[in-house]
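Below are two complexes that have chain A in common, paired first with chain B and then with chain C.
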Partner chain A sequence: MESNNSSKRFKRIFSKRGMGQVITVSIGLIMLIIVFGFLNPNFFSYRNISNLLRQIAPIILIGVGQSYVLITGNIDLSIGSVVGMSCMISATLMTKGMNPWLAVCISYISSIFIGILNGKLISKAKLPAFIATLGTMTIARGIAQIVNNNYNTDSIGAKAEGFRNFFYYGKTLGLYNTIWIALVMWLVFNFILSRTRTGRHIYAVGSNINAANLSGVNISSTITKAYLVSAVCSATVGLIITATSGMGTMDAGNGYELYAVASSVIGGVSTLGGQGILLGTIVGASIWGVLQNGLQFAGAPVAIRNIVIGIIVIISVLLDIVVRANKNVTKSKSKGKS
Partner chain B sequence: MKKFITLILVLSLVFTVVGCSAPKDTSSDNGQNAEDVDTGNNGDDNGADKKDKYKVYLITMDQMDQHWVTVDQGAKKAADELGNVDYQWLAPDVKDDAKQIESINNAIAGGADAILLAANGPDAVTATLKEADSEGIKIVYVDSPADFPAVQTLATDNEAAGKTAGEEMLNALKEKGITSGKIGVVSVNASTDSTVKREKGFRSAFEGTDFTILETQYAEGDAARSKDAAANFITEGVVGIFGGNEGSTVGIGNAIKEVGGEVIGVGFDKSDTILQLIDEGYLLATMAQNPDVMGYEGMKTAVNALEGKTVDKDVVDTGVSVLKKD
Partner chain C sequence: MSNYMVELENVCKSFPGVKALDNVSLRLKSGEVLALLGENGAGKSTLMKILSGVYTKDKGTIKVFGEVIEDINPVKAQELGIAIIHQELNMCEHLTVAQNIFLGREVTKNGVLSDKEMNHEAKKVLNRLNIDIDPETIVGNLSVSKQQMVEISKALSTNAKILIMDEPTSALTSKEIDELFTIIRKLRDDGHGIIYISHRLEELEDIVDRVMILRDGQYITSMDYKDTTLKEIISYMVGREITEKFPRIEKEVGEKIMEVRNLNAGSHVRDINFSLYEGEIVGIAGLMGAGRTEMTRALFGADPKESGDIFLDGEEIRINRPIDSIKSGIVLVPEDRKRDGLCTKLSIKDNISLPNLDLLTSKMGVVNRKKENEITEETVKNLTIRLTNSDANAESLSGGNQQKVVVGKWLARDSRVVIFDEPTRGIDVAAKVEIYNLMNELKDQGIGVLFVSSEMQEILGISDRILVMADGKITKELDIEEATQDIILEYATKFDRKIEMKKEA
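Let's look at the complex of A and B:
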């Protein structure tokens, strides 16, 4: 009886949280991969696959952060700026001779501060998420610019070689560390979202904030947790960029918040909240990355790439709307039966 | 009540950040962020100015690039030598047409006698320049001109410099015994005049050879994205990669470094990171412009024009230095 019940619940969660869209989009991804594989014999080479995965990893990370926030029914526009801030803070401290790992800690702490600020502004001060994170977006970009007095930093130097290998250039078990970092963080955050009370609260807040409040969910702490996840993911991407370039660029992460929305939405996370799973975010980020990589090999101008990506974003949201409309019909039917 | 306190706390925090940042910005001589601060200052200066000093503004595309800092240093050096110049650097925080127009307007409002301008693009700022011109302000272009008549343009001939870069790569490939193959190009975007010309010059160096130059990848000068594009080129089996500006060059250098340097990389601009990549042998060469010459000579031209002396050349090529491992 109980197992029957839980399997039912399992099924319901799967259908409710957009597994359908994930499957559809995955089929699209596989088709893209096949097409690009035909167009370019190098596509399936070990080097390209590992490069490609490493290019996707940061998009997965910011996508996970944005997905958390979107599921609570909010949005985080500060992602790109937090990426830039974390990049500049870490690089500046390293060029000043600080131990790279200490610099990493400080980058995380300052990003976490932005995350908490976002969460509290929205949940306690009741600012609309769009406005609050627009503000923190500008603040974080400003901090990125001011930490090194409005200059990009010099090279972070040979002392930071270990840091650069850890976040970008090194390999573990044949895969770049960046991929492992994204994978581990995804596993942890996916576990939290799908298996813990915090995760259920995040869905509850996004589905119906009043109902969640009435059933005793701590709205403020739930929303803040989502923004915290987003900030931690963004900070990690900032560190990856520092490691990649070996220097800090104030412009790092420009526009990433929108990449993050795109990969979440392509993967079936609803911008209205309460819906979507992180598996979808991986697929969404992969579509984004595969298009970037594959269209370069196909020799397509960047403009074409932008147009294609835009169209895919729109189609996937349309798909979501259509699927949901159908589901509501079937739902009310099945309700009628029972 | 709680909400109210949070709000107050946050507001005070915002003001602290703003408050901390503004004076720091003005004290460092690399231009200002906040326009109100600018115009406020300028108004004061204007009042105190007794017109025995020429007020000259340098307006660059942004404040970030080392390039602009060097232009500023050149201009400042000339201003110090001349002694009769009240010089100030104004620049938007990021490259943006609207923000550059604001900077020009601020300079006009600040009582400029001459403006040294590195125009973002040929057309966007022309209307504002017309206004400046009607106020009798002398305009001198440094680095990149707009489509509006000025006293003089002091710039790198980007096409010639791009061609030099192409020739450097071609020679290095010949030395390695490579006479054909694919070559990748990573640049900023399709709308920045200077980098577009560099690209054109670079391509022209390969005319009549058996090399194929692939579709340019634009990464907005972002070193991390440039690195991704360059890594894809390397996977595609290119024999050489060209980087169109500082960020692009850092990106291609890092990508070549990662595969151990089997590809020849030639870039543009000079920075600590680029020079290090050249020293380590991962980049063959970088085309360093001479921004100090632009600033220095630009300032002298501006003052000459203000003093009514004739300026004989319309365009001055400030040239590039090819920096290699020595």
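Let's look at the complex of A and C:
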């Protein structure tokens, strides 16, 4: 009985849409790790692993945000700019002598504002997500530039030592805090997406917005919540960057929105909505991180790394399409026979 | 206390430029199936959208269970026990059956979804209707008919007492329709009120207690089904007696136009052989899934074929892609006009000129707008397409006129063979007759017409020869004199029996 139950459960996990892709890319990830492990004897060292994980953490965060939005059937192009905005606002306020934690709060509030604006523009004003977030992307980047009069900030100073340790340099139980932040946020957002009503509604809106509407799902609030999650994730990454470099950089987070799409999509999140799980986003972000780390060690220039990652994105989505096409063929064949 | 579940009185609704409903009243009793009938644009859907809260009425009263309901919206309608099963199914196909059934009213414990309980409850609802579906199945993996049953279960799980079904059988096979009717009867016997909208009048006798007829937004009449006849219903719908529903013209059969030999494509098109002559309409009958659409698509080059020789006017032609077929003069009016037939977001003119751009462009590839306007005007005139402006989006037209645009774009060039795949699906009676006349005209001009249809009556009414398909094969060729519904059905179901025999063996 128990084994029957567990096999049923196993089956259910597999039947969940997107799980197949997660398994495929996980195998890819393991192969990558093995290859780089052979190439680089230090790859599995504690030092390299913890650095690698710290490198991956921000990508996981923005990936989670983008996944939320993609599952609703939309896209968030403002992620990178919100990262930059959060970085510049927090750093500028700290250099002006503000308490770092208050600066953190203000960064979050302003980012959340962008998230809500995104959600409302798309769900209430019916702007296409691409256009709405293209607009807020430009606005957020503009804010990042204007807060310190078009200059990167000076050092945020010794007063912010606690802040820098919390977000980047400190360790808890042998792991960098950055990794803990990503882990905790992932757990929370994964729980919300898979186990709560809000999460269910996010899938429903992405799967069939009309059906969701007719079933009494509040479309506007659901979409806005997804953008809110994205903004919170981006703001966190901005703070991590401030903590890392100890200053504000105007073009921090440049291009992150597309890294976020890449890690989501590699992990099996559909850009058409309704499909994907955050476990995939972790795997996607890890592939991205391992490639960066491994290729860097192998001496490959940035240009080569970009080309490789671009190819990986295309292959992983292509793989998904081919697998699904085959499934459909076998399905229609068996239908014909029955 | 009135004994009506729903009473609509003198409901009016106008859209810009159109009076969609003019003083329409409707009453529904508990335990009855009311057929709401009328041509496309008669106002059936508008009336039902008002009842289910999607539209707001301009005037009139809505009473549900004797209570006057002032402003009704979808959520309130659901609370009142009104549920609508849409023509296009509204399911989240990525979610499971149980997740769809409970969408919008998920069961939670301390804010956490309780899938176990929802699966359990969903199973109960499904069992109540004797539907055998695992509530944890992903809806996208179910067949259309099963999805529809899930949708009905969803409505019932909200304790809906009043069910509105909009063309529920249009995508079902006859076996599935039987299953659906069993469920509807069960619901009726349990005291639900059902409003049933359908164009398939033949089905009514299996299911309907009362009929109500709308025409041009006005209430025409309602009566008990047993006191009326189909002919009477049709005459009320169109407002005139249609003496000859199927206009047939006589024409001498001439030369052979097309011959298909050994056409094979996938499991649905096996070893197809037939010929088509000048001056005849060849009907292709069969049940859903018999491979008729697949056969037309393979013939047209839309799907790859494994083998098959096609001869046109005695010469062998090679068709690998649709363009090969179009160039040699074989054209297809596909089954799903919105999906395959039209670019709905493009203008009517663009749609007509799209497959004819080779005739309309100069050598440099510039479109000759004057010529484009000419062929558009000519097509609109020849087919009497009713439109306000040929620059309007194709989706703005009614179903019948959309269909005419799909046909018209092919007639703008000299075609030898026109393949019609379910050309009258979902269009009103008057537009159907126009399509029949059009086919007759092609036949008169000596153009070969292949006519796929699931409606037995129109196949019998309009074709000169009938090919019956089952399981991807042509099981019988019938001359119109010898063809009857019984014979067609006998050969169309040949496949089912084979399976049963195999099972026994």
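Criterion: the second predicted complex is superposed on the first by the 310 of 338 C-alpha atoms of A that agree within 3 Å, B and C clash if a C-alpha of one lies under 4 Å from a C-alpha of the other, contacts with A are read in each partner's own complex, and residues count from 1 in each chain.
Just so it is clear, contacts are C-beta pairs under 8 Å (C-beta built on N, C-alpha and C of every residue); 3 or more make two chains touch, one makes a residue touch a chain.
Because the structure is predicted, anything quoted here is derived from the model rather than measured.
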| item | value |
| --- | --- |
| Partner chain in contact with A:Q55 - chain B first, chain C second, else both or neither | first |
| Partner chain in contact with A:D251 - chain B first, chain C second, else both or neither | first |
| First (chain B), second (chain C), both or neither touched by A:S215 | second |
| Partner chain in contact with A:K124 - chain B first, chain C second, else both or neither | first |
| Partner touching more residues of chain A, whether chain B or chain C | B |
| First, second, both or neither for A:N149, with chain B first and chain C second | first |
| Chain B versus chain C as contact partner of A:R200, first or second or both or neither | second |
| Residue ranges of chain A touching chain B (in the complex, touch as defined) | 40, 42, 45, 47-48, 51, 55, 117, 120-121, 124-126, 135, 139, 142-143, 145-146, 149-152, 154-155, 169, 240-241, 244-247, 249-252, 254, 292-293, 296-297, 299-303 |
| List of chain C residues in touch with chain A within their complex | 74-75, 78, 90-95, 99-100, 103-106, 108, 111-113, 136, 138, 140-141, 154, 266-268, 289, 472 |
| Residues on chain A engaged by chain C in the complex (per definition of touch) | 12, 15, 17, 195-197, 199-201, 203-204, 206-208, 210-217, 274-275, 331-333, 335-337 |
| Contact footprint of chain A on chain B as seen in their complex | 2-3, 6-7, 10, 13-14, 17, 21, 24-25, 28, 30-31, 33, 63-66, 69, 93-94, 190, 214-218, 220-224, 227-229, 231-237, 247, 250-251, 254, 258, 271-273, 276 |
